[in-house]
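I have placed the structure first, in the form of structure tokens, so that the comments after it can refer back to it.
The chains carry the letters A, B, C and D, assigned in the order they are written, with residues numbered from 1 in each.
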Amino acid sequence: MSEQRVHFYQVGSFAVGNRLLSADDRTVQSSPHRTNSIDSGHRACQGCGEALGARYALDAAMRATNGQLLAVNATGCLEVFSTPYPETSWRIPWLHSLFGNAPAVATGVAAAMRVKGRSDVRVVGQAGDGGTVDIGFGTLSGMFERNDDVLFICYDNEGYMNTGVQRSAATPPAARTATTDVVGAEPGNVFGQGKDLPRIAMAHDIPYVATATVADLHDLEQKVERAMSFRGARYLHVFVPCPLGWGSASNETIHLARLAKETGLFPVFEAEYGVVTNVSPIRRPAPVEEYLKLQRRYAHLFGPKGRPDIVARLQGIADANIARYGLLPERDELDSREDD
Amino acid sequence: MERPFAITLDVGTSRANHTGSWRVERPVYVDRLPPCNNACPAGENIQGWLYEAESGGYEAAWRKLVENNPLPAIMGRVCFHPCESACNRAEVDEAVGINAVERFLGDTAIEHGWSFPEPGADTGKRILVVGAGPAGLSATYHLRLMGHQVRLVDASAKLGGMLRYGIPAYRLPRAILDAEIARIIDMGVEVVLNHTVHDIDVERREGEFDAVFLAVGAQLGKRVNIPAGDSSKVIDAVSFLHQVADEDPPMLGRRVVVYGGGDTALDAARTARRLGATDAVIVYRRNRDKMPAHAEEVEQALGEGVTVRWLSTVDRFESERLVLEKMRLNADGFPEATGEYEELDADSLVLALGQDTDLSLLEGNANVEVNDGVVQVTPTMMTNEGGVFAGGDAAPSDRTATVAVGHGKRAARGIDAYVRGEEFASGDRHELATADRLNTWYYADAPRTERPELERIRRQTNFEEVIGGLTEENALFEARRCLSCGNCFECDNCFGVCPDNAVVKLGAGHRYEFNYDFCKGCGICVRECPCGAIEMVPERI
Amino acid sequence: MLRQLEGSKAIAETVALCRPEVVCAYPISPQTHIIEAIGVKVKEGSLAPCEYINVESEFAAMSVSIGASAAGARAYTATASQGLLFMIEAVYNAAGLGLPIVMTLANRAIGAPINIWNDHSDAMAVRDSGWIQLFAETNQEAADLHVQAFRLAEELSVPVMVCMDGFILTHAVEGVDLMDQATVDRFLPTYEPRQVLDPDDPVSIGAMVGPEAFEEVRYLAHLRQLDALDYIPVIAEEFAALTGRASGGLIHPYRTEDADTVVVALGSVLGTIKDAVDRLRDGGQRVGVLGIASFRPFPIAAVRDALARAHRVIVVEKAFSLGMGGVLATDVSMATLGSSAVLNTVVAGLGGRPIAQHSIETMIEQAIRGELADLTFLDLDEGVIARERARMARTRRSGPFAENVLRDISQTREDRS
Amino acid sequence: MFQVRIHGRGGQGVVTAAELLSVAAFNEGRHAQAFPSFGSERTGAPVVSYCRLDDREIRTREPVMAPDAVIVQDVTLIHQVDLFGGLVEGGYVLINTSRTFEELGLDDLGDRFQSERLMTCPATELAIEHVGRALPNAALLGAFAALTRQVPLDAIGVAIRDRFHGAVGERNFAAATAAFDHVTREMEAATRASTT
């Protein structure tokens, strides 16, 4: 939850802007002078959450670093749709090397800056969930373990979308992907697998780990800002819905991200040096169905041949998250927070 | 620096790639009609003036408000605010306290002495307004703004009509009433008081008026035939309240029964309490759910010690003894007599059974059509007689002050068109900004601010105003609870949520526009617009 | 200063003189002594400013180097064998991006069967990656090549791999004339990148290039390799003028002027071959040696000239392409195309198998007599091969032949003793 | 060219011995090449190192297959490893032991090689005495210098001191000197025995 205090105004800090706030308190995205780190003309799908998340995060990082930012990108949708020759959408210095090595490349860039005494120049590494939790995991863990001065951002859309929607270790149970089809007794991705990277990152005791979604811009930007206040390895896991891979309407991207958080399926929190320091409480609790039903990848769970048993298991996952992170605080506690 | 071919690219070059060609639907900014505006009988642009108030621009807000209604301090007290009933915010938490903000703006305007804009350039047209109640005052105001000359005549000694003679001072302090009326009169109005118009045609001809607006109100209390002893004190509520307003209250005794279930009945009962009645009992033939009076009025009355005999009719009134017949509701909800009777001690009986309009001044005119005791009018409030307009309680409608104010405005527009020899054309109404168009997630949680109420004990003994005003802080808070339904309030959401950076921010007050070169038509801006001010329309393919 | 020291140490000392700014490595035999020694220098502060990064894999090592180089830092790493294969994706990437990284490859065989000893299979595996591959004959040359490699890499914006035989060179203690800092500085200017990540001049590096331009990109990379063919001799000459040492260059001919038979080889085996050639010369044979110093780019014209007089060319190589034959020999055959020279391929020294001077001499004599097969495996134990093939023919579940061979050889030894 | 093969076990300083020998020769202005038997042997396993000494450039990279001298640091290897394989006619053998060739069961060596070039030296004992640790390599280098006269003892000393600084270097050199003296005495005794 944003620590920024907003004098009550219509949309508080939920919307992108707020005409009555001072410029300093507004989101970077509300400014016509934002960097537009990733600019128009990119070839992302309609309603792409990753394009959005990347602009949000990098523009915030650009503000936090006063424009002294270098970005390293893993292979994936973000890379492919942003830099097909002869056009690039990036407005910041940007380097793409490989799928699995973005964290290490970022380490190298950071090392170069350190050796050149450019402590003002900061480095961001970024990848999708495949490049982070799967193929890039080794280099990421190495980067964490050495506490290299890199903010690594994972744009998590829960699968290999660039290659045609295959399962990754971030694909949730029951979700349909091209490699976890909705056939057999346990349709979709199996339960009991997958990798919770934010928690793994925390286990490295790095200075800062946070999760965020494209549905709460103030929160996301504040986390980028916070991340940039640390030296050393930092990790930001941003939830970015994918209309193509999830079979959702292109206009539902942000709504889905919001529901993922409000159902408890995607806990939004911050941790410093391995300890959770802050969680974003659920504001309007919603059952998982509300989230699942908007996505074709879960269509097999509903309708006449639906699988309420599987939906219940997914609700169980959400409930476990709610319990683990305390996502549903006592109402009066929530109220006092709002009063701030 | 010589850069490697193809693998290294100059920044921002993708702007050459116009992804707008992918689009099959395009987002378009729209203004939708907010439900409050839609519900306001006076046609106020409520969302519009709340928007100004949100930023503390109270004068701008007031000016936007009085574009449609010149009596905000009054309406902020007496209006039964259908706007709030329609308010979409009720779906989030509670309706915005529009009425309270209106009163705040009205009071602030009086406090600061803000005046109306200069009247328009003189058109040379002369308009007669008959009746200085809310309809007449409203018409006068609008006509003056349009540059017409107005003669305002009224049979009473003071201006205000039912605002003064029908609404007790504890609901509408006289200083407020006088101040807002004075502001209208200060626009240059010829006022003629204590003047009863007996024949409208004569009056119009002799005064060489180009048009006439009849706003004579409904001043006649309805009477029913209730057998009553000679000594029994029976009075109609309209007369009762009028006499109180003239500071000549009738002697009703300690036990007062009011017969009827409308707001007037409540006004009468509450007034009686203030005049010293220990028992103020309302007799009403149906139950509370069916009572036409506004719930908050009922609540306040009960709070002041007024009691109600539900499902009862007055059968007869015999020397300090009222005989009531018990009623029951049939399957259709209509009351039926039961044949059971009970008695009630009473010193006087006040009849609040409705009002009629005195239309004797039209008797000489065959063209003006009168049905059910009210004048039939067109949408611009014109009767069948050219140049003769009617409104307020004299025309068919809900008989509220706000409706009357709205009639005054519409009549003024109609009159203006008439005297110019034109047809009045109202603009196209925007599509209604219904709740389903909104994305209420974005609005901060904020329960409404209640206005303070006068302590109960003081309400039973004097005519001090019962409902207080909002402090500035509260008014600001309340204004900011407005969802701005259907109208962009520049929250930057569309600008921020576009994955293709295809929204252009035009600067404060100028909203946004789409850059269709890059908009892929994903529709996120529409889905995430809090107030529903964007819609998708199919591209022509 | 001439010093008697281990090859790895000589490399570490020399690399340090080149003022690398980021050194990143993951340990693998036989490269370890190099990176250990550089690590000490960074830690003690004698190599500064320099960031030394211990990474979790070779893949990360090359990736860190990529990032550092793209950000404008002089980057160095070292690896061998499996490590090179583990980083191979990044190896190609570094070349594709034109990043002037210098890497020492302590040549070692590739498993399975796992084998830590020297051959050239690893270098051959990245032959087509776009890296310049220089082969050192001695530790002196290996050290010198590193200085030239940085110059070459940064001048052409292309990565350079200095290949030196694992253990045979890396672990050999011999005399090496180490350069001094001033001389290195005179030869190697400060790194001025051709492209760099810079907040003040942002670019996107590493675009996705489709069919419309990929071929051009590749061809341009090829041209850059051809440019290197021109440039390598230039800097070798400059280096020679500065140090008096003929390290580097494209090729190293030895007694080829009047040679009927020329043996072509890469790396440290050239010394042994030279001794053999001297012996044969003493016996009246007109034999010469051609060392290939630059394997990629392959100096086809220089090789053609050097072999113009030869009637017989014997390519001795420590790697081969399974199912085909010699790798270096294939390249050499392109240089001898059209000539009447007979070409023999001799595969030797795989997995650290010692290459004896005696075997070389015997092989050359056989070749001269026309008795050498087109593709010969030096000192191959034919008996083991025959027995294992027979066994495999007999038994369906014959097991992994690597282990069978080991069992067979130890059995044979016991039988003999 | 003079080629040396040193046998020992991992951890006994076999590789260092070859290196020191090469440095000693280098310090004398000679060409030298030292290298280990490249392997992944661990402490205790049999290991071999080599050293070539020459007055001209050493180009060959083949393992030493026909050594001019064999140094055995650990006699327990005698029946495990072919210690004397390839040793040239007239080659030297230096064994770290306080026993005799006969006691070691190596009497037949005298038949194959020149007996005055077969030498034992209690290098481990000397190391314990002078260095305080059972590391016989420095002592054996002293013995080697005395036996083969390929490098002077002083050059060995420079190499040792270059490698081991301060007291450690001095103690190692003391061990080397003691071994040198021991071998010199043994050789003089043998000479006296043969001439009488």
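The criterion applied here is as follows: a contact is a pair of C-beta atoms (placed from the backbone, for glycine too) under 8 Å apart; a residue touches a chain by one contact, two chains touch by 3 or more.
These numbers were taken from a predicted model, which means no experiment stands behind them.
Enquirer: Which chains lie in contact with each of chain A and chain D?
Expert: Common contact partners of chain A and chain D, which must touch each of the two, are C.
Enquirer: Give me the ID of the chain with the smallest distance between its Cα centroid and the all-protein Cα centroid.
Expert: Measuring from the global C-alpha mean, the nearest chain centre belongs to A.
Enquirer: If you tally contacting C-beta pairs, which pair wins, C-D or B-C?
Expert: Result: the pair with more contacts is C-D.
Enquirer: So the centre of each chain is just the mean of its C-alpha atoms; given that, what is the distance between chain B and chain D in Å?
Expert: 114
Enquirer: Between chain C and chain D, what is the gap in Å from one C-alpha centre to the other?
Expert: Measuring from centre to centre gives 34 Å for this pair.
Enquirer: Go ahead and note the Å separation of the Cα centroids belonging to chain B and chain C.
Expert: Using C-alpha averages as centres, the distance is 92 Å.
Enquirer: Just give me the whole-number Å value for how far the CA centre of chain A lies from that of chain B.
Expert: Between these chains, centre-to-centre, one finds 49 Å.
Enquirer: Spell out, as numbers or ranges, the residues of chain B touching 2 or more other chains.
Expert: Residues 6-7, 9-11.
Enquirer: Among all residues of chain A, which ones touch two or more of the remaining chains?
Expert: In chain A, residues 82-83, 85-86, 88, 90-92 touch at least two other chains, as defined above.
Enquirer: Which residue numbers or ranges of chain C touch two or more of the other chains?
Expert: If we look for residues of chain C contacting two or more partner chains, we find 97, 201-207, 209, 213.
Enquirer: Okay, what are all the chain pairs that touch?
Expert: A-B, A-C, B-C, C-D
Enquirer: What does chain C use to touch chain A in their complex?
Expert: For this pair, the touching residues of chain C are 21-22, 24, 49-51, 53-57, 59-73, 75, 89-90, 93, 97, 197-199, 201-210, 212-213.
Enquirer: What residues of chain C sit close enough to touch chain B in their complex?
Expert: 96-98, 157, 194-196, 201-207, 209, 213-214, 216-217, 220
Enquirer: With touch defined as at the start, can you tell me which chain C residues reach chain D in the complex?
Expert: It comes out as residues 4, 6, 29-30, 116-118, 165-168, 171-175, 268-272, 274-275, 352, 354-357.
Enquirer: Going by the contact rule at the top, pick out the chain A residues touching chain B in the complex.
Expert: Against chain B, chain A makes touches at 6, 8-20, 26-27, 29-30, 32, 36, 39-44, 46-49, 51-52, 55, 82-83, 85-92, 217, 243, 249-255, 258, 283-284, 338.
Enquirer: Which positions of chain D touch chain C when the two form their complex?
Expert: On the chain D side, the touching residues are 18-19, 22-23, 26-27, 31-36, 38-40, 58-63, 65.
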